[in-house]
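Across the two complexes that follow, chain A remains constant while its partner is chain B and subsequently chain C.
Right after this comes the complex of A and B.
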């Protein structure tokens, strides 16, 4: 009996390690990588990668710098987009992710979607600017949306971005090992796809009609300039209307279906989550909540950043701060702006 | 968009917008330009007039097919209907009004019943040009300016003249017959064609790639929430303006290339066709000047065949009827109708107000620039410039307001109302205020 007893903790430890490895956004830890990846040996030392991601790293070394950039973008854009919410992406700081992102909450749904969009977006942009030489200009799509509609420019950068991006970011969810919950995998894959779809939608060609008095004899199309921030705002809207799901048998296999609504399939463009979120008011390490103590709030707002909501009714403290602002800006032909610096005292509020 | 650095933006703009736009701009019109040139050269071969008319009909048909494919039958149907009416009424003296009503019915039926919106929207420009040509011919026959009903091949040659069939502009029947005489090829003719073509591509680039990103990338003005709305409205407006100039300069190119669009004085030939005057619209003196400078041939057409004939009912009625006719030519778009009607009121009130101010102050503050020999006492005083400057600013504001809503294929009424509500119905209120002021000083 004593022989079998010491092996039990070892089994538990192994199980936990394997479980931890199944979280698909651990690659976001790359945002803190300082070294330049130019040798295959570096792939082994990168934090947060599963084996198939490390393999992709070795075979696409050039791509890794772009992926690191994507990880940084996710953190920056996420925190900016959620500045006015109690949960403000402060837990996106790998490699030690907090439980809220690991439990399949609404917040994790947003992060998965944004990560998938960001990695594809960053790769596509790197293709456009010529930083990546791997991507090639694919053949012009054969299908023509309508007569007179003609493509301009290289249409395939986004395609390559979506392809390579999904290969990398979805890799952990597609591991064949029977570890981690199948429901979690389905949820994460679904939310990642929602993020990529949001990116596709943002990239729809812009077209304009030209003709006598605004008729449409000629139509010119060009690629719209886009920014990841706009996609994040779109995903935030989806986050606010996300749907709680359960893992339920449908036909011969289990599917994710909405929990509270009458039976219908999950829509392709809605974010889903399995666990309800804490209220994020008080600090709770077990739930991954930082709490809102010492968070800045807006006294005059009636939205989610208002002092009442942000501070959860605990009250707030005012303080004054000296701010240096640009003022008396002048435009010089052509083409730059010069400004003077002005000191200004502003009153700010933080939660008790 | 402000978070994109300026340098990154211009890089993106070059590859994502400038190149595709130029590429597509030329790609879609090079065949039209080539056919115009071929037509011009073939007319110089000394063919009998019959064959000249026939060649431009063939060229016109092919061009229509290039742009509209099989939907061109609607344009053909309209022209056949017009000729039938002219022929049946060849002994009548009211061909103008009768043909106008017939065309109106045809266009209304087309708009409401005959086909889907997208297709009709594409051809609206060509339908409009055909309608204008037929109506002008009918009225000219009534007045004896054209002495007899043209033969079928002459009529079809005029209607399908390859230089004007797609992008206009309207030209009179006599201008067309002058063009058939076929003037000599010359450097000035060629230079006019090339310069107009370059201008059109330039305007296309501004419409697609500069106007939508004017603030803050090209002009670093950021503005608060309210100003942001107006800046955005101005961007939309500017984009629409330059789309119009693109088409206008393209029309100049095709018309000149095909051999029309000249004036002749005592053996002095000038290739001087002008469709739009961009500077008069972007830096307007008054809304009256804007309206006429937007499309000069159309202005002439409306003035000759609508305004003057309606003047017997009073000037206000004549103006409203003119704008109504213009709206109908543009099809039953609520948006265009609303814009043109608003424009009509704005223009009329500004005109009568400035006329009144001019009389009271004895100064050059009319809607149109005074000739140098006018009898007003005050011409160059500072306050005269201030008054004119104020009206110019008002015109700019009106243009921003009215043009803020032009988007491709957007025919929804609620969108216009929504846009104007966003801008607090500013132009409507200002126009009302000016009208009250006008009544007070009457």
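Right after this comes the complex of A and C.
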């Protein structure tokens, strides 16, 4: 495997050449790791890790496969959640990021929050499924259940997920060396905490009917996490209403405060950003914008994926595509399915 | 709830006139709750509901969101007594298509017609034991196209007799497995004699003699046991030879529904019958599926 440079010199080099900061989501590059991590030597070769993360890797080797899975989930869920937007999370592969995630933009705020939620979520679920032997089910609630209800099942271990997840994903922002501006660190830590709070809010009661003959005379309940895609949708709502902040003296320390509203502190469930985003209409490498040329759009939609909005008023081109798909499927006892092949022409629209 | 919209498909007849499909497909998929796809596992020999169903492997988690085999077995156990009633030829096929679904790339649900046939044939039997047709088997949610499970000889099957003449609780076979299954499905069981049988609306009211011996206490309390009156639900007119013979001693099973005690099984206490004797001996060591074992 190709050996990457140690993180500090690379970060310093990046800082000197581009005047950019070392970002805390470089561990998302793990999504491209094909290797199974079962030796401590492998920790040195993993891309995107700072030294304390590599140390966590060596001392919690079993956890790394789950963290790699979390990195894959972040990419998949982010791109799915933003399919209908101009910015669609194309650049989320690390370890080097484009300016849309390097600068402290609204988009980076979302990615930091989602990453923090995803790593804790994936670890908590791994406890439940038994993939991680370091942990087990979450605690049984102390309250006495109502008649007909009972505690059972395996609760998602959110406590362990938050503990180990934050230890890993927050490590770059907590490095003592001045390898990045304080304002950026505060912003990233805040947004990561917003993501973890969204995860705590996603711990809900789930129940199953376990009565005789399928009845609900007895219900077994446990505390389980919503799916990561539901948490991502919640964070997207926060992304759309994110607040621009500045680094300003407050008392004896400098803190992040809303830029246009002087009178209130930043709320704890509010995503924040320091740099305004471009409109992502035209390709601009300096800003990390791919532009929407050749992006598919929806002619009949009135949302953000509509052709007017997606194409930024430049217009769109229709084209037809011939697809072959399975049709008239029939299940045969026992047990196989036969289908016919059907030709179909679909009309699609792409931005000019 | 998911529905299956019809898919409009257009074939290309003239290349210069391509047309656009206006249909939409909502395909059944795996339940949302699981990160991993279901695994293909052997149907265990002690999943008695689905022995002899016609295939040997099943998906876990199943289509009822049971996540472990222990959960599948525990929940399937209460359905075994219904199989003994033979209320519809498709009963096992319907139940096992959900409890132990066939291993395919995507889930295959039972056909709506199969579900409706079993429901129409079996819900009167279930009602006699105080069980409504459950929500998990609501027929409207099952597909009506060809991608579903029907009885293999569905087109040639004649309409089965869905209403056996004998009262369901009186129609149990004198066989150890059957008695033990009904014992587990019942809340209590006692040895006693019948004092009086009277019609009351659509039911038959059974008054028991004072002298009783408890075989299975269950939820029954001692003070309730003294003046216990059982109801044969919807049993005013169906024949029951056991109730006609008040001189015999009986093994009587029941359960409580709201404020009534329903008769769920009645067997003559026949020590000369070898099968009955074997059952009573087995009963001492037999363990019913317990809810605590669901999540082992």
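The rule is simple: the second predicted complex is superposed on the first by the 268 of 352 C-alpha atoms of A that agree within 3 Å, B and C clash if a C-alpha of one lies under 4 Å from a C-alpha of the other, contacts with A are read in each partner's own complex, and residues count from 1 in each chain.
Note that contacts are C-beta pairs under 8 Å (C-beta built on N, C-alpha and C of every residue); 3 or more make two chains touch, one makes a residue touch a chain.
Since we're looking at a predicted model, the values are computed, not measured.
When both complexes are overlaid on chain A, the residue A:215 reaches chain B and chain C alike. Contact with chain B, but none with chain C, is seen for A:207 once the two complexes are overlaid on the shared chain.
With both structures placed on the common chain, the touch criterion links A:347 to chain C but leaves chain B unconnected. In the superposed pair of complexes, A:337 makes contact with chain B and with chain C alike.
Legend: residue contacts after superposition of the two complexes on their common chain; A:324 is shown touching neither chain B nor chain C. Contacts of A:34 after superposition: neither chain B nor chain C is touched. Contacts of chain A with chain B, set against its contacts with chain C after fitting on chain A, overlap at residues 129, 150, 152-154, 208-210, 212-216, 218, 220, 224, 227, 331, 335, 337. Chain C meets chain A in the complex at residues 7, 9-12, 18-21, 32-33, 35-36, 54-55, 65, 74-75, 78-79, 82, 102-105, 108, 126, 131-132, 134-137, 146-150, 152, 185, 291, 294-295.
Residues of chain B touching chain A in their complex: 1, 3-4, 9, 11-13, 15-17, 19-21, 23-25, 27-29, 67, 69, 118, 121-126, 128-129, 166-168, 204, 207-209, 213, 219-220, 239-240, 243-244, 246-247, 251, 295, 329-330, 336, 406, 408-409. Residues of chain A that touch chain C in their complex: 125, 129, 150, 152-154, 206, 208-210, 212-216, 218, 220, 224, 227, 320, 322, 327-331, 333-335, 337, 342-347. On the chain A side of its complex with chain B, the touching residues are 128-129, 146-148, 150-154, 207-225, 227, 229, 331, 335, 337.
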